[in-house]
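One structure follows; several queries about it will come next.
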Amino acid sequence: MANAMLLPVLISFLVLPFSAMALTQDFCVADLSCSDTPAGYPCKTGVGAGDFYYHGLAAAGNTSNLIKAAVTPAFVGQFPGVNGLGISAARLDIAVGGVVPMHTHPAASELLFVTEGTILAGFISSSSNTVYTKTLYKGDIMVFPQGLLHYQYNGGSSSAVALVAFSGPNPGLQITDYALFANNLPSAVVEKVTFLDDAQVKKLKSVLGGSG
Amino acid sequence: MANAMLLPVLISFLVLPFSAMALTQDFCVADLSCSDTPAGYPCKTGVGAGDFYYHGLAAAGNTSNLIKAAVTPAFVGQFPGVNGLGISAARLDIAVGGVVPMHTHPAASELLFVTEGTILAGFISSSSNTVYTKTLYKGDIMVFPQGLLHYQYNGGSSSAVALVAFSGPNPGLQITDYALFANNLPSAVVEKVTFLDDAQVKKLKSVLGGSG
Amino acid sequence: MANAMLLPVLISFLVLPFSAMALTQDFCVADLSCSDTPAGYPCKTGVGAGDFYYHGLAAAGNTSNLIKAAVTPAFVGQFPGVNGLGISAARLDIAVGGVVPMHTHPAASELLFVTEGTILAGFISSSSNTVYTKTLYKGDIMVFPQGLLHYQYNGGSSSAVALVAFSGPNPGLQITDYALFANNLPSAVVEKVTFLDDAQVKKLKSVLGGSG
Amino acid sequence: MANAMLLPVLISFLVLPFSAMALTQDFCVADLSCSDTPAGYPCKTGVGAGDFYYHGLAAAGNTSNLIKAAVTPAFVGQFPGVNGLGISAARLDIAVGGVVPMHTHPAASELLFVTEGTILAGFISSSSNTVYTKTLYKGDIMVFPQGLLHYQYNGGSSSAVALVAFSGPNPGLQITDYALFANNLPSAVVEKVTFLDDAQVKKLKSVLGGSG
Amino acid sequence: MANAMLLPVLISFLVLPFSAMALTQDFCVADLSCSDTPAGYPCKTGVGAGDFYYHGLAAAGNTSNLIKAAVTPAFVGQFPGVNGLGISAARLDIAVGGVVPMHTHPAASELLFVTEGTILAGFISSSSNTVYTKTLYKGDIMVFPQGLLHYQYNGGSSSAVALVAFSGPNPGLQITDYALFANNLPSAVVEKVTFLDDAQVKKLKSVLGGSG
Amino acid sequence: MANAMLLPVLISFLVLPFSAMALTQDFCVADLSCSDTPAGYPCKTGVGAGDFYYHGLAAAGNTSNLIKAAVTPAFVGQFPGVNGLGISAARLDIAVGGVVPMHTHPAASELLFVTEGTILAGFISSSSNTVYTKTLYKGDIMVFPQGLLHYQYNGGSSSAVALVAFSGPNPGLQITDYALFANNLPSAVVEKVTFLDDAQVKKLKSVLGGSG
């Protein structure tokens, strides 16, 4: 009987006072066809469950390369559902002997979780150039503060896999070697600002496809 | 005489060095015809005093429903002038015996100010599930931290009215009963994730218009 | 029977996995005995419902003064429960003929809600010095963007009362007249930086208790 | 020879101009013995590599309870190294038939990565009470926007494990059932603000250890 | 030989795993042809080195006016490269006897660096109306907190020049005299909200081009 | 006469309603004797004008070293007045032939203003490793986005001086060479994560005082 009474009244409650709030922003799935803004992409319309789901980290990345490693991102560009939510992810696959070279993420801190194998990881502080390193086994986590140089490499005898999460939807990835050698920054300038020898610079420029 | 001297010079001062600053963003009234972004709507052009003014909270909401209550929002969707300003408002009307059911605002803290009557209000902390309750009379204020479950109901013998302010332009409103029962989430799932009995779930699904 | 089964198991659920999360920060009531930080005060311990409640806005402020107005704050200094929550409040009482003089809030936007009487309010944009004014009646709201000069005065024939909410726990209040005349800034400097006449500056310095 | 020349000069470079910058804040490992602040804990001194490492998620949580699930947090309280870095983590273990009940995180968005088994997960939007659900297999990720009700349960025939990352160091966890039934909120109030039947409320209060 | 081996492998590394990250947002040069948003302008495409460079502060501003001063802005409107980067700049030229009148920046703190001459500067706190003043010589810096009234004038016998930096890309500039007298705010209102005399208000309205 | 009337009333206005707001936080000068927090240092008491002033950039840094350059910081550690204000500064002195080596600021964007001489500057984007370079003359400004590798060197025939401003009070400075070679990170690890030759690594480790 309470039920019978409740029915018509709650329904009117349902449709009346809260119907005006249709613009509430619970989330803002990126419309990648629009220009980005400093706070992220404009929100797409017509959102479904699939927008909050990403399958692209399920498969191992291809580590058949010299570094024997692959970084598979789930940043806003690949996974638009993280837009505006302050988080994103990536998968690391590192074969035996493989390495994710020294790099920074200019726009996020990183939290690494080892799901397979053994990873040696480290980061370097800016003030005192102190090195913080750990050997990480399956189930271990390590955090790398935003903007600091860090690296990971396989420290074991089998493939290593890690999930990494970032404190922003678009963390960026600046690999030092690429920044120095994989572009047209003249060798003389590279040498001047790094104190590296000319032969070293030209060698790595050649390897990484840089010019100048 | 000083006046006469001042006139031509200050006017040139007026029109010269600061004329370049026409793009200064003092405010950003929402252009609701554009897509939202994670930081709010793009700014409309042609702003006037009316954009910073809202009349919609002046009239009592209709409490002729079972909950005997009405929430009248002045969020960015109704009051575009608050876009980007970190604040919004709403009006609560609660008739005798009325209630604003258990709910959260995912995107803002709430400050409630009683303008008429008596309101019993409470919120529940997340860690220890501690209940914080107060009986509020005309002129009293209470604050509800962002994202925590809270409720208000009329604790007196006359209508109660409150102005509530939010720490963001689009606070959201998630009423627990609606989230659980007013949609197509299957009853079996609701029961699994809430431990509620099947009869209870189906009764409220029926009342609130849910299916499944 | 299900109940009997449920009992021992859920209780173990209760005490086991989540007991480690006692440090969750749902709120951070200010410990005003500590030094402030750029993000607000350190959190006090031993919080109760009273910490989220404030009675100080219930009584009218004393308007028996020349401006015939009173501002009663519920900022973090008076209402420590708003610390870290991005919101605070104040009460304005403006007698007939009274005025809240031209002022800014350096650290918050303001949302004004008229609860009694008629208030004439306005603010001035920074780029074009455009004036935005409205006559506000009971139930009307107006928003004043952060940092911009604004004012309110009683525009009716009875007392006016407003609740104002701020987009921060410590909005600040810089009344232009006080900043110019109620301190020891030398008259010659005031005149140089405002183009006011010497007699005008000295008159208001005298009235407001300034020196120099 | 260049080396010999370089040596004395660079060392003086090393010790001179940058020695003044010892206070640079690359990170801020929480000193949990201090009071928290709205932006996190004060920074501890004497930081080492171990402060950025956490082993506590390596072992499975104990799922020998009715919900057949365990949440093992690596929030700032367990893993002080994430303080101020905008990220934290947790491990979910869900046995066959197990469930993480309907809950919210008031202070962070969540990104879930399945490392073993099959998880059925869903969240509910605030405005339209729309349900977004997915069946997640090993390697899949799903994101749950801040403050919205969501749940996870094992949808397969073997144990499921997930790593979850949060967009803040102290996300909070408010389980709806605990908030409603595991405290001293009087049954009459629970019923009033949830429309649940008295028998249902008292049953769950009894099970979850609530009183009143 | 190592080089020969390295070449093909690293190039495949170069083009494979990271090629998917083309949407990384290192910067967001303003597209001023789009509508602004609360977080800044949408990002333009086709960015070059020139977008991060600005020549407009190299030349002295024209101080042939009564205030004998000029403010040359490099805000986002003039220098779109600062969009989203939390910083901007301006150049002050103050001839002998010149002054930058009492003003605020509603949306940023200011850091002033004297490059030529002597500048007397001060700001006024909001709570206690305390005046903080310094005489600044070449090479000195002073910081002015966001939203507080401040001023600068030439305190020496030669021209003064300063570079000022702001903690935001669009700081705004509200000159008190302009806000009060250079618009159509009626004299009666100005007098009511400032306690200035009618003659004073009308004199400055006349000088600064105000009406009413 | 109006003056005489005004006097007693305004003074009561002065001392009454606003006296309660003594805790307003206009600024938060760092108390460097306290522990830092993620949002900056606790605020010191007893603040004076000198706290907002810094003389330490007035004198040229000592460039009698190999890099022929000096960076003189005015970060929160040297200039506590910038705490919480989102800005700081530094002075660059670069002798003929001098260089500020490749580096990042993990926690701020940089705006550089040339006050003497000619500076060649550049930064490198993270996604495409694109180089953005400019030759900067006196009065030119350039902006370097947060966290990206950049460098400056003297491109002229006389000493160069620049003022740099940062979008935060504690920007950090990570010089790539120092991070790689001026600590105890083993040479084998450096080589593995940078692809530099062993001889090159050992040479620079020797020069910069590194071990391992």
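A, B, C, D, E and F are the chain letters, set down in written order, and residue numbers restart from 1 in every chain.
Following the convention adopted for this analysis, contacts are C-beta pairs under 8 Å (C-beta built on N, C-alpha and C of every residue); 3 or more make two chains touch, one makes a residue touch a chain.
The chain lineup, named per UniProt: A, B, C, D, E, F = Germin-like protein.
Bear in mind that the values here come from a model prediction, so they are computed numbers and not experimental data.
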Interchain contact steps from subunit A to subunit F (minimum; 1 if touching): 1
Partner chains shared by subunit B and subunit D (touch criterion as defined above): A, C
From the options A-D, A-B or A-F, the pair that copies C-E, where over half of the contact pairs coincide: A-F
Remotest chain, subunit C as reference, centres from CA atoms: A
Interface residue overlap between copies subunit A and subunit D, same or different (over half shared): same
Angle of rotation relating subunit A to subunit B [CA atoms, steps of 5 degrees]: 120
Where subunit E and subunit F are represented by their mean Cα positions, the distance between them in whole Å: 19
Between subunit D and subunit C, distance of the C-alpha-averaged centres to the nearest whole Å: 34
Geometric centre distance via CA averages, subunit E-subunit D, whole Å: 41
Residues within subunit B bordering two or more other chains: 6, 10, 21-24, 26, 34, 37-39, 106-107, 122, 126-127, 133, 145-146, 148, 172-173, 178, 182, 195, 203, 207
Touching pairs among all chains present in the structure: A-B, A-D, A-E, A-F, B-C, B-D, B-E, C-D, C-E, C-F, D-F, E-F
Subunit F-facing residues of subunit D, complex: 3, 5-7, 9-14, 16-18, 20-26, 28, 31, 34, 37-45, 83-84
Touching residues (chain side subunit B, partner subunit D) in the complex: 99, 101-102, 104-107, 120, 122, 124, 126-127, 129-131, 133, 145-149, 151, 153, 172-174, 176-180, 182-185, 189, 192-197, 200, 203-204, 207
Residue numbers on subunit F that touch subunit D, as the complex places them: 32, 34-39, 61-62, 64-67, 69-73, 75-78, 106-107, 170, 172-173, 175, 178, 182, 203, 206-209
Sites on subunit E touched by subunit F in the complex: 6, 10, 21-24, 26-27, 48-50, 52-55, 57-59, 74, 79, 81-82, 85-89, 91, 108-111, 113, 115, 122-123, 125-128, 132-134, 136-146, 148, 163, 165-168, 195
